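Across the two complexes that follow, chain A remains constant while its partner is chain B and subsequently chain C.
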Partner chain A sequence: MKRSNGQALPKARKNDLVTRQIPGELLVYDLKRHRAYCLNDAAAAVWKSCDGKLTVSELAAKLESDQKSPVDEKIVWLALDQLEKFCLLQTKATKPLGLPPISRRSLVRAGIATAIALPIVTMIAVPTAQAAGTPVTQAVCQGRHQSDLGGCGITSPCSDVPTTKCINGPGNTCKCG
Partner chain B sequence: MRLTSKRSSFGNYVAEAVAGAWRMAPEPLRLSLKELREIARLLLGTGTAALAWRRIESSLDYAPTGSLLDIRAAHREALITSAVHEVNIEDIFKRVQAAGIEAVVFKGWALARLYPDAGLRSFGDIDLWVRPEDLEKLYRALPSGKEYGYCVEPHVSFYPQYERSFDEIMSASQLIRVNDIQVRVPCHEDHLRFICLHFLYHGGWRPLWLCDLAMMVESASSEFDWDRCLSGKRKHADWIACVIGLAHQLLDAEITGTPVEKRAKNLPRWLAPAVLKQWGQGPGMSFAENLSFSLPRRLLKPAALMRAMREHWRNPIQASVEMNAWFDESPRPLLQFGSAFLRIPEFARFLGQEIRRT
Partner chain C sequence: MQKIDRLGWADGIAFRSYGLRIGVRVSDAKAMETVLDRLPPGWKRASSPIVDFLYSIIIGGQTARANIQRFSLLYYDAGLLARTKNVDLILKTFESDLQLLVADNARRRIFVHAGVVGWKNHAVVIPGMSFSGKTTLVSKLVRAGASYYSDEYAVLDERGLVHPFPRPLGIRKPEEFETSRVDVSALGGTPGSRPLPVRLIISTRYRVGARWRPRKLTPGLGVLELLANTVSARSQTRLALETLPKAVRAAEVLKGVRGEADEVVERILERVG
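For the complex of A and B:
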């Protein structure tokens, strides 16, 4: 989405993401990259407001009215920088020429981070399915209970199928192959 | 149940940390910060931290630090992965149904959905029970490669003591709607029987499993068919009653009015201490793959042999199940020796393979 002056308007990515809200935080899981992020309230508010129709100054005004406290545009830029870094934006905003790099420290020094918390997006450790589940190695396949054909049987793996051995199958299963 | 050894004390702390955590309004925690820190590793290592966080959070009047932060992170992680699993389950069942396969989901997701909050019950792989003749079709239906972030563990039969066929499970199973798809899970009676046996087969090392069945027993409606759950050989019905008794004695599960109440209050003296000792020890119960693969490797490094031997000695619960013994007051070491003896051929075969390989 672009304004008539050619300025790109930030739009939050919605596809292939799963979210869960908990008090003070929004958890986001990227199904494509298999990464999870934690957005604090300020970052979540910016992200949810990025509908591709509002400019950065309009976003700041919206947050100001939602949170009933002054919100500097630089706070919105800080949030957008982080959202973009973690691929949570479908369309990134065009930065005005000459806008200096914005960091949390620079905002604190400038006294901008006062009424509302600074937006923070952090990556959180979530095990991959392979790590969270039983790690499916040949040893695991062979070690699964004999009655589970999901494993290849612990006594004589794949012995009924000559020249085959227990290997990892699709969906991290085990099979003789 | 209070015991004196350090391992059992840790087991007691773990039991206290998760007791009643599955309820809508769990009671405040009665553990000190020092005690919590001592068992943080055990909670995290057994997938029980998210449940424990529910009780810790309600008792905490200060910002969490150190290991408490790790426990909170585990809850956060379980919360977001539960949402991801829902997407995965939907994808799996779309594929399964498109392939014309009938499948029932056990454990993990099928249990997690019964807890009051998403993310209280962490789980990894997705256990599907299918007919043996559908197994090949299932392999073809599932995506290959790692781009799909889920693990499916297919089963075509379960423990012999389960005494239920796939068709019997199917006949009483329930359909649960997940977004646009219907997912089949076993009825509560069949599921409870299964998770009791699963707990025993793995030597009861995960406190989470006992929470699952405590939650199921407490949420059982007046229509819960105990006859269906317990039907089968008398010995196996007694095993199930004993596991429910463990949930009562260790986690304060409410069992009043159930047919297992009398047995649950009168367990063999070795049983609860064996579970607490195991909980105090943490993960690492001797799975078959550990027995078969890590021990031979360690044999080649004699310094680690003693530790390995200790790890691979079955606990009294697992030994009793492997020897198909009654849960009575008879001494367990005999069964533990018996279990170790019966596994000698298996061990020798893998040892030979390992020596040839190295």
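For the complex of A and C:
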């Protein structure tokens, strides 16, 4: 979505996502990439408001009225940066020229993060079924699981140490030997 | 598949486990008892021989000629899973694969790769990858008086309650990859019998010399910790996203590396109440 001045407006991605709202957080699962995200309230509010019609200033104003506390545009940009990085935007917003990189630390230092919690998006990669189970034997690794992405053929703790295999080390940890 | 079917089978069983119909056939009737011992906890014999998943186990061993030993083979449907002269390895592979099959395909249950114990009518769930030290921690908690639920899977129902999956503990001997099966009674513990609400989720792994100073996670991050260890997260995403938040709802979620298990057991049980 674009304004007449050519400015792209952020639009949340909706396809191939499963969402689940829990108190204070929004869980999002990306069915294409098999990544799961946890958006805190601030990040979720920005994401939900990205309808492709609002500019960043309008988004900030909307959040301000929703949350009844001042919201700096930089907070919206911080959320949009993360949402874009994790492929949760269908259309990303055009950044104004000269806008410096925004980090959580810089916002805290500038005192912007006092009124509203900073937007945080946390991501995990969801494993294959095989990777989520214990490879009880070396034979399992050599069997059908080996070729699976994230299977023990790839994630074996000793796979990057040639000619070694995983043996039991101190505290039941893996030791390459 | 027809080739395998023609091999001639001495014994077999059809059973149900977590809503799945599974069959196992063996080439040597003497092996059947060991196979039954390795079926998932709670399995029930099925009345019908029609199954959705089929394992075939060919037991090798000595032939008439003293210098020739035949391989033992394990098939899942028509696919060869393992081929070795070590029968025990075949059975371990069978058990592991079968548990994974059940965990990935179970109806109305979510299996999280985790150790679980019960304490004062609440469950402590310890999700984690292999070699993170789950079994060690579970066995120490059981020795301290907790009831044993599982050292492999937290089985969650649609209400978010954890059900027991009390298979023998898979304890690794020093300097070995493979695990030995140890019954919980050998540790002086008892298996849990009823579903419990989750009170504590501990995401941790062992590090030599570390002190356990966990940080508290939000419920949403707690769900991610469980999801990262959920077997059917990819195949049953919606069910997982419905179930896991319910399990986390009333739980405290802690994350951080730990040192020796003995040093954290008491603190864990104190937190539960």
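Structure notes:
By our rule, the second predicted complex is superposed on the first by the 124 of 177 C-alpha atoms of A that agree within 3 Å, B and C clash if a C-alpha of one lies under 4 Å from a C-alpha of the other, contacts with A are read in each partner's own complex, and residues count from 1 in each chain.
The definition used in the following text is that a contact is a pair of C-beta atoms (placed from the backbone, for glycine too) under 8 Å apart; a residue touches a chain by one contact, two chains touch by 3 or more.
What you are looking at is a predicted structure, and each value in this text was computed from that prediction instead of being measured.
Using the contact criterion defined above for the overlaid structures, shared-chain residue A:I124 touches chain B and also reaches chain C. In the superposition on chain A, A:P70 contacts neither chain B nor chain C. In the superposition on chain A, contact is made by A:C38 with both chain B and chain C. Contacts of A:G24 after superposition: chain C is touched, whereas chain B is not reached.
Counting contacts by the rule stated earlier, residues 18, 20, 22, 25, 27, 29, 31, 34, 36, 38, 124-130, 132-134, 136, 139-140, 142-144, 170-173, 175 of chain A appear in both its interface with chain B and its interface with chain C.
Remark: chain A residues 18, 20, 22-27, 29, 31, 34, 36, 38-40, 122, 124-130, 132-140, 142-144, 157, 165-168, 170-175, 177 touch chain C in the complex. Residues of chain C that touch chain A in their complex: 76, 79-82, 84, 89-90, 92-93, 95-97, 99-100, 103-104, 113, 130-133, 135-136, 152, 170-179, 205-206, 208, 218-221, 223-224, 227-235, 237-238, 241-242, 245, 260-261. Residue ranges on chain B touching chain A, taken from their complex, read 73, 76-77, 79-84, 86-88, 92, 118-119, 122-126, 132, 135, 138-140, 142-144, 146, 148-160, 201, 287-293, 346. Chain A meets chain B in the complex at residues 18-20, 22, 25, 27-29, 31, 34, 36, 38, 124-134, 136, 139-140, 142-145, 147-150, 154-155, 169-173, 175.
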